[in-house]
Structure formats: structure tokens, C-alpha cells
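Both complexes below contain subunit A, partnered by subunit B and then by subunit C.
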Partner chain A sequence: MMERLAKLESLSQRWLYLATILLLMVPFLVRIPMPPRGQAVMAAKGVYDTIEACPPDKVVMIDSSWDMGSRAENRAQLECVVRHLCRRRIRFVVTSMVTPFAPDFAARVIEPIAKKAGYVYGRDWVNTGFIQVGGNIGAIIDGMCKDFHKIRPTDWKGVPASKLPLLQKVRTINDIHMVYCITYSPAEQWISFVKGQYDTPVAFGCMSIMGPWYYTYLDSGQLCGMLLGNRGAAEYEALLGHPSTGTRLIGVASFGNCIIIAAAFLGNLGAWAARRARRKA
Partner chain B sequence: MSQNPLTLWVGAIVTLAVFSYLAKDNAVYRLVQQAALGASVGIGVVIAWQQVLYPNWWSQIAEAWAGTKPPIQYLWLLALIPGSLWYFQFSRRWFWLSTLVSALFIGAAAGLAFKDQMLLMMPQISGSLKPLNPFAGPGGFTWSYFGTCVSNLIFLVALLTTLMYFFFSLRTENRLVRVSMRAGRIMLMIALGAMFGNTVMTRMAYLIERIQFLYEDWFLGLLMA
Partner chain C sequence: MRRYVITAITFVGGLFYLLEFVLPGHAPQPASQPAGVATRPVAAGTQPATQPAAPAKRPAADKPNSKDRQNVLTPWLPDVAKFLLIVGTMAFLLGPINLVRGHLKTLIRGGEGWAGSVAFMAFLVMGLTAASFKTKDDAAAKTAKPPQVTSRPASGPASAPASAPTSAPVAAKAPPKPGTVFDVLYDALIFGVSTAFFASSMALLAFYLVSAAHRAFRLNTVESGLMMAAAVIVLLGQVPVGDWLTYRLPEFLQLRAWAQWTLMFPNAGVQRAVLIGASGGAIAAAVRHWLSLGRRSE
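What follows is the complex of A and B.
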């Protein structure tokens, strides 16, 4: 028994990779009920409450700056918030920075939800496309707050702002109720220029890895809320009462975490057995 | 996300080729890696023209040429001068020309960065001053407010001890300083542990997303359909 356990220490990592991939397929084959906690944490509720408080004459700006690289978590974060906006009949404008592929990824998530909700493109929502920020995202955000049309004169298909009724109403930051930025690691300049200068609420949707970095801004009230990874999306879906992508993916992730804990336990057991065997020899 | 069979097949083959690296570094993996890099640069150039340069710059000049906008829009052509100066970085002799434009950009960026940091950090400093007296709550003493004060005290201890850890100019013979520094190191380790836990979550999310694509979109959606 001890000899077998000792072999775990020298087990090739390839077997571990293979086992992880195969085991992660189990929740897709067999539905394992791993519901999120019923009570959403403050971070997700902050985003939810800010959207709930949106007056009818204002719009929400979504900066959807993600592509394939962070789709694993950012997709669910966009999906649940857009679903909430459509439910509340709040109009929204979508911008994209960081990656030029982002407008297409955003459109693929938003279009089916908006269509189902009866939203009309140009009147109820607009995808303004990619904004080249270079190395100075602060200047772009500051410029957008002062004159949105100067930074984005057209939408992502090249239609001028003058032909899009919604963009006619969005000229400065005063027309925007809240900015929700979704990307791998949202730029802090959103906080300094939008919240710091104009006191417009800012919320982030970021990858789990970035969570500890942004919690300080949540604690100081500079962020009104944050969706952290798929967990944040699942919590938001619980608030909406509409379980979807986030809930599903966090269930699989919970199963994956169990695999990692089991692997760490077995690895330590193997190391212990190998050390014991060496002492005996 | 996309139901185009060709897209699904390419996505699945590329995903499997990348996964093959887990077994061993191989030519197929390297080919896919180089192709992804090349494709993203190529597509990026096209999108930069379509969504940035064309609407913001070229259309202004073209419309002035067509007479739909005033001739002053021709001034946009002047943007070519600072833009071209960047390329002198490739010449040893004319390198100094590129420094003119880079100095301009660094100056503007430094000014903005100062404003940015002030707006970002000042609320952080004021946010660090938290109430500690459980009897000074809005409704007097409540257990909920007591819990908040305990949380605030932990925050304050973590803040001070972590700062202490980074004061390298302090003499460490003092027992209080030594204990504080050690506590600061423990706080840092707890924070780094939380970061590592979140890193695992993110990597796991990546893997799950790919498995979901392979199983649901490619295997069930295409092969079993």
C-alpha cells in the first residue's frame, strides 16, 4: 500500500492533466447540482442596485473590452447585466477598448438577448465599436466624458452618430447613469476619471485572478459593485432569478476545485509515503 | 457561440493542438501558436483601419475632398507628420526626430497620470480611516456595528503591519518592530494566498470553457447532430 502511494510522488504530470480534463467532463455529462449561495455578496448586489436605480432618461455605458482571451469569465458577466438592463427597459451604449475583436464578441452576446427583449438597435442600444487607446487610456476616457461623439463619431459598422437616435442623446458623462467595464483587468482610469471627476458610478466585471486588486476600490466606495469571475455572474443571476451561463459554469468550477483539492491531498500523501519509505530504507 | 461548421472544426482542431502541448512540445502546437499570432496581428491591422483610422481620420479628409465638409478638414493631413516621426526610431542618424514626438506624448501622459493618481489614491487614503468605536454607530451599540468595528480593526492592523514590513530603514532590535514586521509578512502571505486561489479559479475557468466548447458545440452540436 505504502509503495503504491509513494509512486504518486513520481507520477507524470501528464496523467494529472488527462485526469483533470476527463473529470471536468463529468458535470457536462451528468448534471451535478451545485447551486450558488442564495444570498449574493455585496459586490454583485452593488451592480444590481445601481442598475435598479437608473432613471428612465439616462443610459448605462458598458465597456465590453474582452475577446477569446477572457471569454471564459467575461461572457457570463456581460450576459447577466444585459439581461437585467433589457428587463428594466434601460437603454445602453457599448464601447470596446484594449482588443479590436471585442465589439464582435460583445455583439454576439448582446444581440440574441436584445432581440428577445424587443430592443431596437440604434434606438435602445448601440455598439460603438473599437476605440484605439494606445498607451493612454486615461486621455480617451477623459475625452469621452467631455464629448462622446468626438471619440466615437460612428458605430462599429460606420453608421454616423447623427443617424443613431440613442447616440444623439448621449453626448457627455451627464447622460450616463453608470459605467460597467468588463475585461480581464479593467483600467483604474475609469475610477479616477469617471467616478473621481464626475461622481458617476463605476462597476467592474473582471477575471477572478484580479479580484484582490480591485477589492480595495470596492471597500473605499470608488466602485459601486463588481462581478468577480463566473462566481460574480452566478451571484448576479441569483439576484435576477434567472440562472444561466454563470450558474452553470460556477457549478462545473466547483467540481474542478474538488478535483484540485483531491489532487493536492493525494500528492501530499504520496510525498509523505515516499519520505517514510526512504526513512525505512 | 458560432454555429458555422467550418469555424467549429477549426476551433476544435486548434484547441486540441494546443492541448497536445500538455503531453509534449510539438510542431503542430508551434504551428498553431504562430498562426494565431499572425492572424491576430493581421486582423488587428484591418480593424484598426476600419474602426479607428477610417472613421476618425480618413473620412474627414475624404469628405472635405468630396465637398461635404469644409476645407479646414484637410488639416487632418498634418497628423501624418507626428505619426511619421515615430518611424525614425529605426534610423540611428535621425533617431532624434522620433524623440520630439515621444517627448510630446510622455509629457501629456505624465500630466494625465498625475491627475489620475490623485483622483485614484486620495479616496483610498480617506477610505482607510474607518470607525473603531462600537458605541458611536448610527443607532448606538448594535452587534452588527460591533462586527463592522472588529473588521475595521483587523483592517487597520493589517494596514499598519504591512506598511511596517516595508520600512527597511527601521532598526529591528526592537521587539515591537520585529513582531509588527512579522505580522505584516503574515498579512502579505494571506493576501498572496487569496490571489493564488483566484488564479486557480481563472485557469480552471479557461479549461472549463474549452471543454464546454469541445463537448457541447463541437461534439454534440456538430458531430452528433
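What follows is the complex of A and C.
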């Protein structure tokens, strides 16, 4: 018995990989409803409550700086917040930094939702496109807070701000109720400048793996909220009462996390059995 | 000479931001809102979208970091940021230029890895061509009139899109045109090839994690036991499986609550300690850069 268990320690990686593929395929092939139970955690509720509190004369700024690399988690985080904004009839401006592909990915998510909600581009929402910040992200954010048009005089298609009524309204940080930054690892300069200098609420949407780092800012109140991976998106969708991409993908994450725990358990079981077998011998 | 120019620009730039931040400011005259801009998209049939913009309530500049604080340097801040934007864009070109030089050398000399260089050059040319000549939406966007916000209610509820005609400034409302070959190529490269490549490379992490968990995560000591316990709690507490396992228990015994506690307290404490330590180093590095005290490049 111990000898058989001991073989688990040196189990070929091929079997682990095969098991991983098969188990991760299950939630894609069979739809398993796995909505998060219980109340949403403070992080997701914070984003929701801040958007709910948006006054009528303000807009929400979304920094959608993700592309194909982090689409698996960031897409659902953008989708649920845009759906909430459209439901509350709040106008929003989208910017993108970090990656030049981000405006395309953001538009692909936002356009169908905005169209369904009857939002008109230019009047109710604007995609200002990619801003090449390089290493000067703090200075660029500060410049945007002081004079948005200096940094972004056009939208992503080159339409001047004078043709876009919403951009005429958004001139400084005074016109913005909240900044929501979605990317693999949101820039902390949003906190330093937008929250620190201007006291405008900042929320992040980040990959699950980056979450532990940003909990510091959540605990200190520097972030009004955070959507952590697909879990955050799924909780947000539960708050909206509209299960969608996040709820579907969190089921896949469930399987993935369980495989990791099972692999660690099997490895330790094999190591324990091998030790026992060596002692007996 | 070059060194002194770089040193001077670096010093002046740093001094500008330092002084802009520390100099006392005053509240400027409130700027008037542009007329004719609705304050919020409203539901169809309830009220017109042309309600005058509500005057923004501006807090007094009674604290040093108030939104309205302005000193003599503040008006220059967006211009300096724009200058940095231009410099950053120029720097953005350095990467591709260096890559092209390196791969061209490999191709000309026929050295090892020439196939990779061919692939790089092919994708670079395709990407540049597709992005430069893609036309979908762009032309229509630049020639379109701004939306007529005075002529119609803004929009309907989510279930009933507005039916009144509206001239949107971009092709979102323009009749759809068939894309050119460059549009198809752009979509294929970005949303097809690149997405598949990136998704594949990120998906490999799942296999590495499973393999590492099996081979390296051993319960040999008390510390490794604590780490394992924290990992299991957070892994299960972050997904619905954890909710399903413990949702019948009292709130404080649920895995979700334990995961939140682990992230909010022990984790945040450690991260904060790391952050404070790293920030001290960052300040020292910033001062060295600002005063050009680092190693000379010449």
C-alpha cells in the first residue's frame, strides 16, 4: 500500500498535465452554475457603491489598459462596470495606457453594451484611445487631472474634442466622479495623484494574482473598491443581478484552484508514504 | 556637453514638479461649464437631454491638496506633461528600431535563428501595414457631425434603444461598411493571432502551477504548514467552491471570510512593510536620478 502511495511523489508530469487539461475543459463543455454565494465582499461592494453615488453632473473615467494577455479576467471586470454605468445612465470616458491594443479591446466590450442601452458615442461615452505614457505615468495622470484636453485633444479615431460634447464637459478632475483602472497590474500613480492630491475616488480591477498587493490600499481607504479577478466580476454581477462573463469564468477558476490543491495534496501524500516506506525498509 | 544638457534638463524637470507640489496655492475663478450638455443620459420620454448643465459645486481651496489649488507653476503642468508624452512616444520607437537592426543583421549574415528573424520581419510589416491602412470607422468618424443633443431625448432604457435619428460623431451609428483587406488583416493579427499566442502563453502558467504544487510544495516544517494553510484558505475562499463548502456555517467560519481576513490583515501588513522599505529605496533612487548622482554613462 505504502509503495503504491509512494509512487505519487514521482508521478509523471504528463498525467498531471492531462488531468489539468481535462478538468479545465469540464466547465467549458458543461455549464455548471456556480454563482458566488453570500454577500459580496467589501472590495466589490465599494466599487458598486461609489458608482451608485455618482452625481448627475459628473462622469466616470475608465482606464481600460488591458489586452489579449489579461483578457481572461479584465474583460469581465470592464463588462460588469460598463453595464452598471449604462443602467444608472452615467456617462463615461475611456482612456488606455500601457498597451496600444487596449482601445480596440475596450471598444469590443463596451460598444455592444452601450448600443443596447441606447448610449450615443460622443455624447454619452467616449473612447479617447491610447496614451503613450512611457515611464512618466504619474506626470501624465497629473496633467490629465489639470487639463484633460491638453493630454487628449481627440478621441481614438482622431475626432477633435470640439466635436464630442462629452469631452467638452470633461476638462479637469473636477468633472470626474471616480476613476476605475482595469489592467493586469494597475498603476499606483492613480492613487498617488487622483486620490492623494485631488481626493477623487479610485477603484482598481486587476488580475487575481496581483490582488494581495493592492489589499494594502483597500485597507487604508486609498482605493474605494477593487474587482479582484473573475471573482470580483462575478460578485459585481451578483450585485447587479445580471450574471454574465465573470460568473461563467469563476467556475473555471474553481476547477483550476481545486486542481492545484489536489496536486499539492497528492505530492505530499506520496512524500509521506515514501518516508514511511523508507523507515520500514 | 551632452551629459551637462541631460543633467540640467533632469534637474529642472524634477525641480518643477517639486515646486509645483510644495508651493502654496490659491483658488482660481470657477470656470463656466459648456452650455447644451446634458448632465446625464436620461430615459426616453422622461425629460429632454438638453437641460442646462448644473453648476458644479466647487469646494474651497482650504487644504493644501485641494482640487482647486493653483500656484504660479500649475498652469504649466499640462504642457510639461505633454512634453513628457512626446518624449515617451519617441522612446517608444527605440524598441522596434533596435529589434529591426538586430534582426536585419541576423538576416544579412544568415546566422543562427534566421527563421525567427524572418517571422519577426514578416509580422512587423504586416502589423504596420494593417494598422496604417485600416480604414474602418476612421474616415467616417472624422467627417461626421457632432451629435444633435438638442433634438432628442438622450436614450432609452436598456431594453428599448432609442429610435429617433441621431448623428453620432463616429461610425458606430454610420451604416456599416465592408472592411478592406487591411481591416481584415488587422483584426486577424490582433484578435486572432496575437490573442491566441498570448492566451496560450498565459495558460501555460496553469500547468506550471500544478506541477510546482505537486513537486515543490512540501509540508516539512511549521512554516510550510502555515503557508499551505494560508494558500488553501485563499485558493478556496476566492472561488465559489469555498462558498459552497461552508455557506451553511456561521459567517465568521466561512472560507470566504477567512480568505478575506488573511488578505486584509496578515497579507496587507506584510505588503505594507515591503512597500515602506521599497519606498525608502525609491526616494533615494529618485534623488540620485534628479541630481544625476548615478554612474556616468560617458
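Simple rule for what comes next: the second predicted complex is superposed on the first by the 279 of 281 C-alpha atoms of A that agree within 3 Å, B and C clash if a C-alpha of one lies under 4 Å from a C-alpha of the other, contacts with A are read in each partner's own complex, and residues count from 1 in each chain.
Please note the rule applied: a residue touches a chain if its C-beta (ideal position, glycine included) is under 8 Å from a C-beta of that chain, and two chains touch if they have at least 3 such contacts.
It should be emphasised that the depicted structure is a prediction, and the values quoted were computed from it without experimental measurement.
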Three-chain arrangement built on subunit A, subunit B and subunit C clash or fit: clash
Once chain A of both complexes is superposed, is A:K163 in touch with subunit B (first), subunit C (second), both, or neither? second
Who does A:M2 touch here: subunit B (first), subunit C (second), both, or neither? neither
Which holds for A:L249: it touches subunit B only (first), subunit C only (second), both, or neither? first
I'd like to know which partner A:A53 touches here: subunit B for first, subunit C for second, both or neither. neither
One more residue to check, A:G211. First (subunit B), second (subunit C), both or neither? both
Decide which partner touches more residues of subunit A, taking subunit B and subunit C as the two options. C
After the superposition on A, what does A:V26 contact: first (subunit B), second (subunit C), both or neither? neither
Have a look at where A:Q197 lands relative to subunit B and subunit C in the superposition and call it first, second, both or neither. both
Subunit A positions touched by subunit B in one structure and by subunit C in the second: 17, 20, 24, 71-72, 101, 108, 131-132, 135-136, 139, 142, 158, 196-197, 208, 211-212, 216, 219, 228-229, 231, 253, 256-257, 260
Applying the document's contact rule, which stretches of subunit A touch subunit C when the two form their complex? 11, 13, 16-17, 20, 24, 34-38, 41-42, 56-57, 67-72, 86-87, 89-91, 101, 104, 108, 111, 115-124, 131-136, 139-140, 142-144, 146-147, 150-151, 155, 157-159, 162-166, 168-169, 171-175, 196-200, 208, 211-213, 215-216, 218-219, 228-229, 231, 234, 250-251, 253-254, 256-261, 263-264, 266-268, 271
Under the stated contact criterion, what part of subunit B meets subunit A in this complex? 1-2, 19, 22-23, 40, 43-44, 47-48, 50-52, 54-56, 105, 108-109, 112-113, 115-120, 123-124, 126-128, 191, 194-195, 198-202, 204-209, 211-212, 215-216
Listed in rising order, the residues of subunit A that touch subunit B in the complex are 14, 17-18, 20-21, 24-25, 28, 71-73, 100-101, 103, 108, 129-132, 135-136, 138-139, 142, 153-154, 156, 158, 188-189, 191-193, 196-197, 207-212, 216-217, 219-222, 228-231, 249, 252-253, 256-257, 260
Okay, in this complex, where on subunit C does subunit A touch? 17, 31, 33-34, 36-44, 49, 53-54, 56, 58, 65, 67-68, 74, 77-82, 84-85, 87-89, 91-92, 137-138, 141-142, 144-147, 149, 154-158, 160-162, 166, 168-170, 172-173, 190-191, 194-195, 197-199, 202, 206-207, 209-211, 213-215, 217-219, 228, 231-232, 235-236, 238-241, 243-244, 247, 251, 254, 256, 260, 263-264, 267-268, 271-272, 275
